[in-house]
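A, B, C, D, E and F label the chains in the order they appear, each numbered from 1.
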């Protein structure tokens, strides 16, 4: 218990940031028209590809002979990159239909 | 320069929090009807009375014989409290007109 | 101890989230009141937390604290309760000024009693500066708003140049103090300068722009509170202050937009621009209104009377009007139409139009019925009529329409006049109704205006 | 070095803000595309930053990184480009699964190669669990959505009980690993269990609910990325992950609401509830739509044809319809009305109604004109008509209306049918149009539906 | 195939209008018309370029199909026609069963357009519908022309005028059209009918439906009204009297197929109406819904004008002719298959409207 | 003060209706009426409980104010009246300057209601406005009754009917009301006037304004139209011909005060119109806007019906009487101050309408 309490007190700023980010995430989405659900999901999915950052860190800090880490890390990078690039590209395609007509 | 840079790197989490809070502040207000401008201003003003927290800290940590700090601090508390209590009360009065009628 | 620490931290956290949530709810008419309560709750929690925080060591001095709090609460509560509705903006201004003063005092104490590093000193000085400006600025804004001081009494020639010079001096002083360090004397000088700048900053701004200024000063107070939060290491103050600073700034911009002006214009333009009220006749000024405010007025009233005139026909707004009618009725507002016998350009013109829009006959009142109903009507909305609601027919024997029966709309609680400009109607005579104290002008094509109004009512 | 550090930190910060801003813009049709670009920009900035961050020490190994990135980018780009519009949700599901897999792999490496404290271990295990679930769950969702697997092929009897037991076991295992510590074997076991649970979790959920599931799994991936952010001490990952986690959760709830179901219902209800499509005739199911989707469809099309029928008269929706017409016209949509000779209940019934709403005569097409125009019409909106758009008149010799000329609305690109239920019209016969692939049903009173639609078009 | 069109003395409605000539040509070889066939509808003979102008005798003796509005053909003339000749008219066989007997006895092949079933499919051939619609429209205009008052509400400098009240009794095709037309003109409209299904239809036109409780079920009457119980009739009479008193215009369209029209507006009711009010009785030809109405006459009774007219379409001959001629065209298009008519077809429309066939 | 109301042979409009009796009583001692004064408006004598029924001779010789619709009083009768007696009629002095001369010669105190200025204030007494409004309304109904076609568009199973086109020439009070009524009935309406201010008014009723370039400025004509140049008239004639050809109904209301009505619809134009079309000429009494129209007659020309009628309010006598009687009441209320009329007042309404005063 005290441990958890201590953790909270130690990472207070982080917790503030977390909570505020969550509120921001809610706030920003809360009034979205139904048709945008899928593109939004797709865009959010692409963002969730930030995991790639972790993969890059992993490889960068691995020893050049740590083949295990390097191989797995590279696979992870490839997977993450598919998520990122594919995700944004597919979202963009979905959103093509919303190109605004000029009002006459 | 380096000092500032160092400061940024040191307080990164704080800066994240600041920026996210600013965004949240913008986001939360951005679509407010004109009639709510005054009540909103009033409510925000009441919140700005958080400065009272500082005044309380000031007094609490002052030595009981540090009359200068205590006197000024007490004035500060009183002023801040007027801001807080008066602010919320006045806002509430302004908002009385928005009591929702039951739709018939 | 650690548990109590954490509980206090959590209380702060909840308080901060309450601020965010409260502000959010304050942004919509339906939830605004709840939002205010949330924010107040957050504040209460924060105060409780700081009173109980075991990490603050020192004398305690709860008597002082209690004394200050009781006095402040009482004054705040009483003044908020007995102030009149119309004087509330002034009150807010005073409150805000006091908040600023509080920040300034704290900074002074901090600067004089604590041993600060450069950063801490810079922040304290900043809080002092901003707090002091907020204090005197708000006070002047109050005096102006309350009519205690006229614009002309507080401006000097070339005021805006003076202000710019003052600003430069203040900034210079600020930097000097940070770099070179401060003495008590210098501090007092800086305080006085800041106070003076706050006053001088607000002085040339027109009385009508005071709400914008108050909002701006409010965000200043918020920023100074945030700065104080940094000094005291309180995330709660920091977050609360920043929130107010950010939303206050946005709000200021929105208020300027609602007045069709830029913030720059307000701050620099001084009086010159502030005379730009919508329509003026000699020294009479007609008040204008907009869709959102009218929407709230209509939606929260219990009886509304439309007075259609020739402008309704020109704008072909009859169907839009009926739609607004339906909407209001569905929100529980009682809606009637007052048909003046000569409204329009042919006998029965209004009847033809309203029949086209399918307004049921029982909703149409003729002159006598309408005049009987007007005194108990909350809002009369005049849609492109002019001569038929001209009080000159009753009180100006020299008028060409003197003696003609008209709709005595000015007897209603509120009057909204929809037309495109201040120009005259068929009879070519000015209409004093537009300058009546209960009248607000809603300029624009009638159909347009009604549609905007409808959209806003739907948004409520 | 410190400068470079700070620049990297600022890049991360800007990246994080871009995520927030991008998500915000993604929420409105007009700005969605820009939002996606912003988010992509933020990601690019983050990747750049991590590649340049001088604080990461180790082998560098840029070849490995480059290889992985090139391969991943190519695959991602190509598959996004050649996928068909209709298959995009599946694609998103795969992408999401890969993101989850990535998180799981990182966690494994972390757990096996690093020496972690309890907290770090807990977080890594959590990321592993969530990532693995997202991976297999998404893959199954893809297979189901793509029709590669039928619901019945992957469910076992009492599946939901099995799932609950599985969940308990998984949690137990998770706690055990944290408390007791892990070996490689145990880790592999945990991985397999997690993967299996992800699959089993999605298995009993009906195919029609897959989009909701994908959204949920997406927020899982986000959370696992955030957890990884904690492991690697990256605020950027943390913020990005949390944003996705939060908005993904809200989005999931919104999607459920749009389907008039609760999330609980979707997750636990399995197939049983998923059959609740709007109207069904035997094994035919009519697709239903709603105001927002119809609004976008209408607003972004270039020609719309209304087909009024007796239901328009019953709902007295003619004026509401005209208002929608006006609105669409003002947005550049070409609007026509197709009047079937026997629509309504008396000769000229529709004419009377539309004249009342002041629809100009040239907008009214008679049967022949309308049938000529329909194939080039983007959307046909049928407002309370039934018999007059019944294809049985053309292709079902046994029908009592066989031989009557009808409006061949099914030749248009999209058909929206507004009526209250699936019930029949005057002639009392079923209408195959409602089950046509291009038809969507918009249930409700016609006036109501139209007004909702209008409100949504205004919001666009 | 030759299709011949006969003129008729009693109506201005024409069975053929110029714009339908070419469409008819698509299903027959020749069109024969009498001179002046569409004069009443403002079409001169020279507008019929694709038709041949023939004498009545020629047409009767030579044409394969002979079309007229109402039967104005003697038994002798039937005898002069070809044995296979087919006559198309409105015979109104439900009013007089001897008509069919007579035709059959003469061995005439006759279609009666008023026997076409009232289904969605047949509506394009349904002359009862199209003419009733014209009648309902014209009834309101006739009434408004006679009415000494404004129809719409008028709030003017010279005083406020209340809107007129219109009571429509019988909301079939004619009644509904009357409701729509009266509402257009700004009158306040109430309508009354025994058929329950009509309520929604009346309301869909923005009028008020006046209900008498306890009407008989009419689901199986094919859209026609059924006779009601005596008690119901009493309640109905009371209600009509009450509503008529307040009304400025009463339009009655209630018919019972094959029976005299119900007397819904009694003399007493008329006496209680406001002077200057107007009654239009579209059922006048079958005895009238109003006790005082006289067929084809406009009479005054205690200041109330009573228009008894079952043939109002005749007052709007051009458009009525267009509609009627379209109905006939659609009917012919339906029954003529590859240039001939199969009288033994079991097509519902054909078999129901074929009232007499040469044995 | 005794106010007497005289009956008149030529109109059914009554100068007094029962509901105005008590209001009149507020400004005078007695109301005297002739028997049958409002019979044409469907009010029997016994509905005038507050008035006394007197003979014409009694009224003329005794009443202080004598009211009639149009002057149907002989010089001899004027002689029998009291010296202070005041006559109120529509004398139409602008049509014949001898009228005023005659009255003055006879020493008659006479108000002419058609001389009331057309200001906002006077509108409640303005009989020209109220009657023009009735005329415009009735003109459309008359035309629609005669028209062999539907007014509104009808898409029916028996074919699609195009909406009728109505051309209104002269968009004054009558013209505007005609526009509104025609639009209500579903017709497509175009209107034409020389006064530029009318454009917006026409459009405000949803009709299309047809413009001829180069009209003369009429700002100072007090709401009345001015004579136009010859070139303008030619362009106008061409346009009217073109529009009339397409029109089903033409309603003309163009008047020039004190001068014969402009001939806007020529014989040639009529010949070019569609058979069955209808012209209503509200200016018939001042010579007609249509070359062929005959006052108070309905004639046929080449299949076109021409209704020449300047007295259409007579066809709607009850409401027209209500309005007219209100106008008179309002006028009396305006000029009677404390029981008497000051003929020397400089009130604009009084002085402008007082056309003859005993020297």
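Just so we're on the same page, contacts are C-beta pairs under 8 Å (C-beta built on N, C-alpha and C of every residue); 3 or more make two chains touch, one makes a residue touch a chain.
Everything numeric in this text was worked out from a predicted model, so none of it was measured.
Please find the path from chain A to chain C through touching chains that uses the fewest steps, and give that number.
Counted as steps through touching chains, the separation is 1.
I want to confirm something about chain E and chain F. Since they are copies of the same sequence, is their interface symmetric in residue numbering (over half shared, so same) or not (under half, so different)?
same
If you tally the C-beta contacts, which comes out ahead, C-F or C-E?
C-F
What chain lies farthest away from chain E once each centre is taken as the mean of the Cα atoms?
B
Hey, how far is the Cα centre of chain B from the one of chain E, in Å?
80
Hey, how far is the Cα centre of chain D from the one of chain F, in Å?
68
Measuring centre to centre with CA averages, how many angstrom lie between chain B and chain D?
Distance between chain centres: 40 Å.
Roughly how many whole angstrom separate the Cα centroids of chain A and chain E?
The computed centroid separation for chain A versus chain E comes out at 74 Å.
Which chain A residues reach two or more other chains?
Counting only residues that touch two or more other chains, chain A contributes 13-14, 16-17, 20-21, 23-24, 27-28.
Touching at least two other chains at once: which residues of chain D meet that condition?
Expected reply: 20, 24, 235, 239, 341-342, 347-348, 352, 355-356, 358.
Any chance you could list the residues of chain E touching two or more other chains?
If we look for residues of chain E contacting two or more partner chains, we find 123-124, 129-130, 133, 152, 154, 156-159, 161, 184, 186, 206.
Which chain pairs here would you call touching?
A-B, A-C, A-D, B-C, B-D, C-D, C-E, C-F, D-E, D-F, E-F
For the complex, give me every residue of chain E touching chain D.
Residues 119-121, 123-124, 129-130, 133, 173, 176-177, 180, 184, 200-201, 203-206, 334.
Spell out the part of chain C that touches chain E in their complex, as residue ranges.
Going by the criterion above, the answer is residues 339-342, 347-348, 350-352, 355, 358, 361, 364, 366-367.
Could you please specify the touching residues of chain C with respect to chain B in the complex?
19-20, 22-24, 26-30, 32-33, 35-37, 39-40, 42-43, 46-47, 50-51, 56-61, 64-65, 67-69, 71-73, 75-77, 79-81, 83, 85, 88-89, 91-92, 95-96, 98-99, 101-103, 105-106, 108-110, 112-113, 119, 131, 211, 214-215, 218-219, 221-222, 224-225, 228-229, 231-232, 234-248, 250-251, 254-255, 258, 290, 292-293, 295-296, 300, 330-332, 456, 459-460
Write out the stretch or stretches of chain E touching chain C in their complex.
Within the complex, chain E touches chain C at residues 152-161, 163, 186, 188, 206.
Quick check: in the complex, which residue numbers of chain D touch chain B?
2-3, 5-6, 9-10, 13, 16-17, 20, 24, 235, 239
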